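Some structures are shown below for you to check.
Two complexes come next, and they have one chain in common, subunit A, joined by subunit B in the first and subunit C in the second.
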Partner chain A sequence: MTKAARRLAPIPLLLVLAYAALVAGTPRLSASQVYAGLFGPGSDWLSTLVTQFRLPRLCAALVVGIGLGAAGALLQNLTRNRLASPDVLGINDGALLALALSLMLNPSGLLGPWWCAVAGALITAVFTLLAAGGVGTRGYRVLVVGLGIASLLRAGFDIALATLSIFHATGLYAFSVGSLAGRAWPVVKVAAALLGILLTACWVISRALVLLCLHDDSIRGLGVNLGQLRFTVLMLAAALAGVAVGVGGPIGFVALAAPILAQRLSPDGGIPVWCSASIGAVLVTGADLLGRIAAAPVEVPVGVVSGFLGGPFLLWLLMRPKAYGAG
Partner chain B sequence: MLAFRVDQVIAGYGAEPVLRDLSLQIPAGRVTAIVGANGCGKSTLLRCLARLHQADSGCIQLGEDDLRLFSTADLARSVGFLPQFPQAPVGLRVNDLLALARHPHRHWMVSWSAEDEAARCEALRLTDLTELAGQPLDKLSGGQRQRAWIAMMLTQSTPVLLLDEPGSMLDPGHQLELIALLRALADAGRTVVVVMHDLVAARHADWLVALDNGRLAACGSPVDVLNPVLLRQLYGIDSHILTAPDGTPVVVPVRQADLPLPQAQPLPVSMASVGPFAEVSASVAERRLVLLFAVLQFTLLLDYMVLMPLGAALMRDFDMGPARFGSLVGVYTLASALTSLLGGRWIDRGDRKRTLLALYAGFVVATLACGLAGQFGELLVARALAGACAGLMNATMMAMIADRIEPERRGQAIGAIMSAFGVCAVIGVPSGLGLAALGGWRLPFLAVAALSALWWLRLYRALPRSPVSVGAGRGSLRSPALALGWVLSFCIVFAGFLIVPYLGAHLNGTLGVDLRDLSWIYLCAGLATFVVARGIGRAVDRFGAAGILAVLMVASIIPHLWLTQLQPGPLWQTTAVFVLFMALTSTRSIPASVWLIGRVPPPLRGRYMAVNTASTEAASGLAAGCAGWMTGGDGAVLQHFDRVGWLAAGVTCVSLCLLAGLHRFGASQGASTTTADRLTPVATAES
Partner chain C sequence: MKAPKSALLGVLLPLSVLLLAFASLSFGAGGVGWQDSLHWLLGASGDAHVDLVLGELRLPRLLKALALGAALGAAGVLLQTVTRNPLAETGLLGVNSGAALGVALGIAWFAGQSPGAQIGWALGGASLGSLLVLLLARAGGGQSSPLRLVLAGLALTATCHSLTAWLALVSTANLDRYRFWLLGSLAHPHAGLLWPGLVLIGVGLTAAMALVRPLSALALGDDLARALGQRPAPARVGAVAVVALLTGTSVALAGPIPFLGLIAPYCARTLAGVTIASQLPYSILLGSALMLSADLSSRLLLAPFEAPVSAVLAGIGAPLLIWMVNRDATLALMPAGSER
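The block that comes next holds the complex of A and B.
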């Protein structure tokens, strides 16, 4: 298989899962019913079910998956360490804390404005970078500092949760596990637009991004402003993760697993961002689908499913002897 | 033809320089070997040539141009660099590695041009890797891998190639192969510079640069330069030099020289370094210091300036009158003045960085406390703490600037830091008020606390340690010339603060400017201050602080009188006069600070500036009170504001006389700007 074909491998799987996400659930729909619901003519309830419930949720899953997958790939390229992900670096916790703070200041909505998560993620990333004094050559420094900041922010979130009203606290807690329940068009559309902008920025820097696998002096010798590139990549990753957390909560393991799977698909060089993004979309869509149908009529939050499957994945990863970037 | 001309370069990583005043030349189209013992600065020199490391001073020319003038992309098209231990991810193929090297040549729209492909094929052909192009790098042998890295450099298509010990991991056969390749490249017209510590290989070079402990030991062709004396100096070994059949010198080490080295004779350098020594502008370190302080100053000013417009919200929340609110402002000033007076003894002890960080931490706590305060008492204490820290920090900052920045660039530095005032007025305060509108009056203070905490971390990382020299804090400030300096800054600030606090009332009450327009006028003034502050800073460096200060004082008398006697007129006219007033009045502190601090011996600077802060704080408080008393100070309309203007003009004239007297006195005493800096701490301790 050529390189391009291998990197496109997740797309057919994604299409199958997307179809399944529209069909499955209660009530189960047939292919023609889905078509009728999407493009008409169909009954009102069918159209509402497909276009107002299942389709926005599918889109939310795609946005979250793409965001997390791309953010993970950017961070792993940046730190040259395959344990780097927005949850380890505290970016997810920062985004969550920002949501909790916005609820403390203005307790009107159910979850607070989702874009606060993006702001929180960006601020956390800057804070982590300053505290670590740079990314560091092998990325260990920023990871270790990020771990510390993550637990600090998590504690801050727990305190914030304790001060909120029980109504908000319950909703926010369920969200903090990672859940796509009830995400509707107004949020999803704006998030998708923002995601589009961020992915465009990823595309613009993609050529310089590939160089990050080389020695620092080699990168700078090729005419790249390394500090600026690293900062841009970190901010992009934080914003992507922030969008994902704002829409679907801090769904664990996706940002960690997607880049590693992407690298297994295309094992020659750095981590392909687009491939990782599409794998992220597959993982989140699949996990959400599983959570909806596994224990129906009870819905298992997508974060629980991904954690349940991601834990063993992490163990497998740690037990494998050969590490990425060891060469 | 020269590839590089290195002129009096000093470079290093910490306090101790690795390259000490190095001057040499490297010919174009030849193989040059840089040799020397471990840690003598070979790699640092190579990194300087590639501009991967910034020299602290001196100049490096690539061809005809200063290396610093190249854009990053241009440099990447001119100079290729191969680190000693290059790295690539597992699984990367030779082809893909080579493709990465085309980065500086590729247009962002074109994916892979014919030119790119031609460069890659040529590189593969030269390094004899065409068959292995599809192999992953980690499957190659050591020699093949090194060839792949060199192929990567060649793909970059640069006329100059810099290699850091490329042969150190290779066996003799592969080493010879490598040298043959480098020779072939040089014969094809490229300049090759190689760092080596192997003298067997170095004899194949056309040109040898030998470094000894950061200094040039020899520079010339191997036949001329290699001799036992040099080798003894470089490596501490005795040796014989033989001549190989091809005419190149062969080094045969005999034994470790066990005697301590005699003072080695400096060897004749084949090519003397010539050429003008490029003037070094403000170094990176200085600019970074100024930026660090400018943002620090921004946070201090924002905390101070944002309080006033939040008055209404605070009075409502804490159920207090204007008088109690006024005490919040007053306690800040009072605390600042008091700690400046009392803390002066402590401020010149130890490391200034530590002092500054400790004070800044206090400031962060104070702003945080201010944002979280539940009662009026708590708020009052928080403001006092903020003022106490801010006052001493200003003095410490000024002292650090004077310690680390040469007098001829201080104006620019202080101007840049003072321009934080403009940024604060234009961006800081409006966004603070925006935050307050979003989430209440606490939010701006919390934001300042967060920003300051971030900047504290940055300072902790980036601020250079700044120990105060021996004998610090001792010595006496009781010289009339120094004490009159405080009087001068007292007068300058007094004149300004007679008018500044009442401008809102004057514009709004007397001149009938709408409140909404008022904020725009303040914005304009902030913007003007920002621009003018930087210009004044430059002018101070160019024409001297005392002269600029005098000019500014004379010039500011006009808007003093004009503004205070202004009658209601068109808005543009009021705005113009106001902007002129603010731009001239607030920037007077730049030449004043530069001039004052230049007169103080280094170990006393912190204390002197602390007392100076106290004096200006006292001046601002007294002036506000005095003007309030003169204008009746109760209603919306100010009475006799023109008299305040006359008083301000009078005080400015007094300070002008004071400046003239001090300047003459200082000149006769020989304590001018530059001499104070040259004074040794011992000499000042005796005085």
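The block that comes next holds the complex of A and C.
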């Protein structure tokens, strides 16, 4: 297989999963029913079920997965560290805390405006940058600093949760596990638009992104302003993660696993952002599907599925003889 | 120079624990102030309301906080000695979440829980968790980075946490019972849990004191420890068993409490020096003092709301973690070349 073909490998898988996500559930639909629900003519309930429930949820899964996959790839390129991801660095928790704070200030709506998550993610990224004293190649250190910040923000979230009304607290608690059940069409549409803008920005800087796998001095030698480039990449990654958290809550390990899998598909050079984004979409869609059908009629939130599978994955990465992230 | 300082500390620390304990009796909801609690302590109060607030609510809470602080402070010292990792802490390494998973399993499988069974499930989870930590720490042949162990703990926590959430979410009844236990934290005296818990923590603390000598030898390295007539493997397994006992019991009593096992041993090391013999008692006292102050501030900070005590401790512990990691001296303790 050529390099390009291997990078496209997640796409057919994604199509299969997307089809399964529309078909599976209660009631189970046939292919013709899904088609009728999407494009008509079909009964009202069919069109409502497909266009108002299953399709928005699928789109939410895609937005979250693409956002997390791309954010993880950017961060891993930036830090040259295989374990850097927005959940380990506390960015996801910052986004969640921002949602809780917005609810404390303005208790309308159930989960708070989704864009607050983007703002929270950006602020947290700057904070982590300051606390870790740069995001260069500092091995595990930046990760454990991020872990500390994540716990701090989690504590803030717990305190906020204790002061919120029971109505908000219950909804937000379920959301804080990572769940795609919380957001409806209007939010998903706007979030998808912002995701498009951010991905365009990624495309614009993709040339400079390739340079990040070179030695610092070599990059400077090419006349690139390294500090500026790093800051741009960090902010982009944080915004992408913020969009994802705003839509689906802090779903763990997707942003960690997607870039690593992407690099397995195309082992040379840096981590391919687009490939990682599509793998992220595959992971979130697949985990959500699994959570919906595994324990039916009870729905397991997607964050529970990803955390359960992601923990052993991280352990496996750490236990490999040539540990990732050490260099 | 050293002796008067440690003597001073030896007086000041217990004194501050006593003061905090009295404050813990005197502040909080219920309209009972320090004069009332002083009268009550001297046995001069006949007021039924005061009896209720102090005897049924504040005193069990005070005892629980004291015991938990001592247990987690001691567990932190033991775990740090065994793994030779200044960042080792039951919360960061996933032992807490293992114990919490144990409790959730017990709730899901055997709905009607006796206090004994609850402690048993927590102990089982904590044992598995700490055994895994020991294996992970030994996996690198003692050459692994302290930071890597923390990340492995993150992985363990994530998996246990997801399983716990799943168990809690598959049935509403489970969720209610689990939440009742988790939210209980320090506030509700789970009837029947307190006294068995206190006894178990007492046993654990005694065993920890007994382990001081073998563990001090272990700190010199396995070969030297053998030369001193100690057997490293049993000492290590014994210490991990005590960690599991202390952690499991405290999680059964009050849910997972993070960072205390990091803060107390760290302060003890700074105040009393690096030997385990001096570090352990200080860490136990400091743990109690910290837990009492965290509990007090969790009650007073957001009154009439109550902030979770775990959040208050994370507010102190997380900055300490960041500072320790950023400071070079901490990392100088680890093998050369394992972190770049």
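Just so it is clear, the second predicted complex is superposed on the first by the 314 of 327 C-alpha atoms of A that agree within 3 Å, B and C clash if a C-alpha of one lies under 4 Å from a C-alpha of the other, contacts with A are read in each partner's own complex, and residues count from 1 in each chain.
Operating definition for what follows: a contact is a pair of C-beta atoms (placed from the backbone, for glycine too) under 8 Å apart; a residue touches a chain by one contact, two chains touch by 3 or more.
On a predicted model such as this, the values are computed, not experimentally measured, just so you know.
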item	value
When subunit B and subunit C are modelled together on subunit A, clash or fit	fit
Partner chain in contact with A:215 - subunit B first, subunit C second, else both or neither	first
More subunit A residues in contact [subunit B versus subunit C]	C
Partner chain in contact with A:127 - subunit B first, subunit C second, else both or neither	first
Which of subunit B and subunit C A:13 touches, first, second, both or neither	neither
Touched partner set for A:36, first subunit B, second subunit C, both or neither	neither
Shortest CA-CA distance between subunit B and subunit C [superposed frame, angstrom]	12
Set of subunit A residues, in rising order, touched by both subunit B and subunit C	131, 133, 325-327
Touching residues on subunit B, where the partner in the complex is subunit A	47, 50, 52, 72-73, 75-77, 79-83, 85-93, 96, 100-101, 103-104, 106, 108, 136-138, 156, 438-440, 443, 450, 454, 457-458, 461
Residues on subunit A engaged by subunit B in the complex (per definition of touch)	105-106, 123, 126-127, 130-131, 133, 204, 207-208, 210-211, 213-215, 217-218, 220-225, 267-270, 322, 324-327
Residues of subunit A defined as touching subunit C within the complex	83, 88, 131-133, 137-141, 143-145, 147-149, 151-152, 154-156, 158-159, 162-163, 177, 252-253, 295, 298, 300-301, 303-308, 310-315, 318-319, 323, 325-327
Subunit A contact footprint on subunit C (complex, rising order)	87, 92, 136, 139, 145, 147-148, 150-152, 154-163, 165-166, 169-171, 258-259, 302, 305-308, 310-312, 314-315, 317-319, 321-322, 325-326, 331, 338-340
